[in-house]
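Structures for review follow.
Here come two complexes built around chain A, the first alongside chain B, the second alongside chain C.
Let's look at the complex of A and B:
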């Protein structure tokens, strides 16, 4: 049956994506490596921490078989620092920068088919160490809001000073949302809005609005845009045309 | 102790990524792209075949584990089955999103499948043809046969207005640049501007401008 949802991921689908992120888990009991469809998991050997996908980490946590070690940025000092950046006067127009990216590992090939594994470039949620305890501590990764919500809800006792962290997260969310809304002022019919550092849930939240405004403005401005395109095409034609006129002039001169 | 693990990991040089993980990344991207793009994207046939093959093997393995009925294997079974369901959800949602687009623009898809047959899977094109055949023969018996000869077409493009619905190629999409993808033109109020697309950037752009990058793997939709 066809999917009844409009284009664009729903918040629960963003949450599903976020559950593929790797987090650091401190196992409390042994578990050998499992051959999963998405690749083998690492064997659990208490008390050595291992990276596991969040869905598995939450499953283990719920059954008290493991503890989750929160990502390096999910603590009071890191979040305070990021919040300071977000609220500073000088950086009022931009989000705090996302974690640094490794250089690309692949190149595009003309012949390659769509999504061929030779030309596949990894991205979130499969980037290494964006949500583990070895993540960059001073930057919010793409799934920051979803992941911290899930971790705080299901493994709140693993996060140090969870209430202060929750408060900081709410502040961050509000200040970033208001930035995003301010960014809408520059929305134009042609799209072309750069929002580096935005989070997955934030995209899901504003997608309908931004998409609607951009598309609506485009429909209003369509006649103007078409007129401009025609004018440009005409100017180009005139460019060619004038040379032919000159030819005629030349002919006249010869006569 | 964490430090020892870190050192060990760095000494071994980090294992290369297994094919199954790459496939999960590809499937995830195929799903997100298909869910957010206004237009039907190429069908990743080989990828879906590989994944379906793996899912079948996994189901067999689960049945084997069930048959042995070892109580200590119970928890492993829970994990394996949970993961299986996650995969099934991805594949199902991908295919359903595709069918939704085929249903929304049947005549356009039909015309497109003639020029580039790789865009539809065998089953999808079978479905599309049968469905359209049923619909048009139903319309003919129900009311079209009593119309004048010239007004019976379902895909008439005469008279300046096309009856064929098309997806809007100028729809704004959110995208992430995976590899530097050169420049695109953006249409502003004051005229045309040019922006550079760099790795890691997130943009709201027109689908028309990023489609090629998405098919090449330089850009992904979010």
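Let's look at the complex of A and C:
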């Protein structure tokens, strides 16, 4: 193959993208606005919390210039609730749903309205405020696994009851991974696997396998698929042909 | 012909696997295929030819309906193996049947119309891939077993094992490296 990189994002790329997510930071020192590629940051003005990219937040945290306020879902009550949802008998087959989408902002009437920035319809993983303290408390966002790992390792003292949170996260990861594995059993060459609410790192982990299985099944079934298509094409042609014959037959009957 | 790419090594290796063929005609001077240089190939003689050559000779029609030879299903896809796969896909050592077992199967299915074989190969691949996923996520025991299980996998399955194993390893690596800095 010409490209040495596998298709899709690798786990380290997902981890890198996770560091671009905004988290809420409580500054301890003043800092003027910084011109970053992703746009200017808000000036830091203690003690008012501001959203900053995770990588900058971790840098400031290491320098003891700021504290990270963990996302609204990164605490014991929220995670316990999500874990209960994941393990409850009625909902054991599905993943806990991702954060809700914002209400639609676009209007379909105007021409080329999709070009305006305020009419962009966002969905996972581009939702705003999914990792800040304003995030939805009862849903795991796209980067939940990576972000919680980074926050807990580098800013563990900012998270309340960090050990219990760690334990819950590990349980969640195992429960969800076993669900993904269960999904492997129903893989087909054409069928899909419903994984709404799955995280970026989880997808990156199983992408190679799932892609390989579906591709292999497609290759094995290709001859059958082609035969089916030919048959359908033939039937369509014959269908038109025979229907005209039938009309004639009907005429004969009437006569 | 193979649509998976001219330079695909796996496709080339798949096409070089031997298929039993029976000559329908006597061909002068083709004796070197069976090791008799300078002799003729007699009508009705049986030879093992590479898939790409056999396919060419079996598909090309000369003078009406006759072809040079007819192909048979290779041993790897014989009744014996298919029955074993039906009974328990996990215990069959596919690699000993053919190194590119599924590739060979897919190519033969292009030439033969075998509905049942498609079913069986699909089922086999599905069942074995689940086994592969389990083993790939927990590969520590495999090394102590001496890699015997790995030797039974065909090339497609090995690639699947590798990508599955790499996914888990890459995630673990990211967790470790991001904990350090």
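Definition applied: the second predicted complex is superposed on the first by the 214 of 255 C-alpha atoms of A that agree within 3 Å, B and C clash if a C-alpha of one lies under 4 Å from a C-alpha of the other, contacts with A are read in each partner's own complex, and residues count from 1 in each chain.
In this section, contacts are C-beta pairs under 8 Å (C-beta built on N, C-alpha and C of every residue); 3 or more make two chains touch, one makes a residue touch a chain.
Model, not experiment: these values are computed from the prediction.
Look at A:87: by the touch rule set out above, it reaches neither chain B nor chain C. Once the two complexes are laid over each other on the shared chain, residue contacts for A:207 go to chain B and to chain C alike. In the superposed model, A:150 makes contact with chain C only, not with chain B. Put simply, more of the residues of chain A are touched by B, taking chain B and chain C as the two choices.
Once chain A of one complex is fitted onto chain A of the other, the partner contacts of A:221 extend to both chain B and chain C.
Of the two partner chains placed by the overlay, only chain C lies in contact with A:12; chain B stays clear of it. Of the two partner chains placed by the overlay, only chain C lies in contact with A:181; chain B stays clear of it. Shared-chain residue A:126: touches chain B; no touch with chain C. Contacts of A:34 after superposition on the shared chain: chain B is touched, whereas chain C is not.
Of the two partner chains, chain B is the only one touched by A:20; chain C is not. With the contact threshold set out at the top, residues 189, 207, 211, 221 of chain A are in contact with chain B in one structure and with chain C in the other. Residues 1-5, 7-9, 13, 16-17, 19-20, 31, 34-40, 47-49, 55-56, 59, 63, 65, 98, 101, 104, 106-108, 112-117, 119-123, 125-126, 133-134, 188-198, 200, 203, 207, 210-211, 214-215, 218, 221, 225, 228 of chain A touch chain B in their complex.
The touching residues of chain A, when paired with chain C in their complex, are 6, 10-12, 14-15, 146, 149-150, 153, 181, 184-185, 187, 189, 201, 204-209, 211-213, 216-217, 219-224, 227. Note for the complex: chain B touches chain A at residues 1-2, 5-6, 17-26, 28-30, 32, 35-38, 41-42, 44, 46-47, 51, 54-55, 58, 61, 75-76, 78-80, 82-84, 86-87, 89, 93, 96-97, 99-100, 102-103, 118, 168, 170-174, 176, 178-179, 186-189, 191, 193, 195, 199-206, 215-218, 220, 222.
Within the complex formed with chain A, the chain C residues making contact are 4, 102-103, 105-106, 109-110, 113, 115, 118, 121-122, 125-126, 129-130, 132-134, 136-137, 156, 159-160, 163-164, 166-168, 170-171, 173-175, 177-179.
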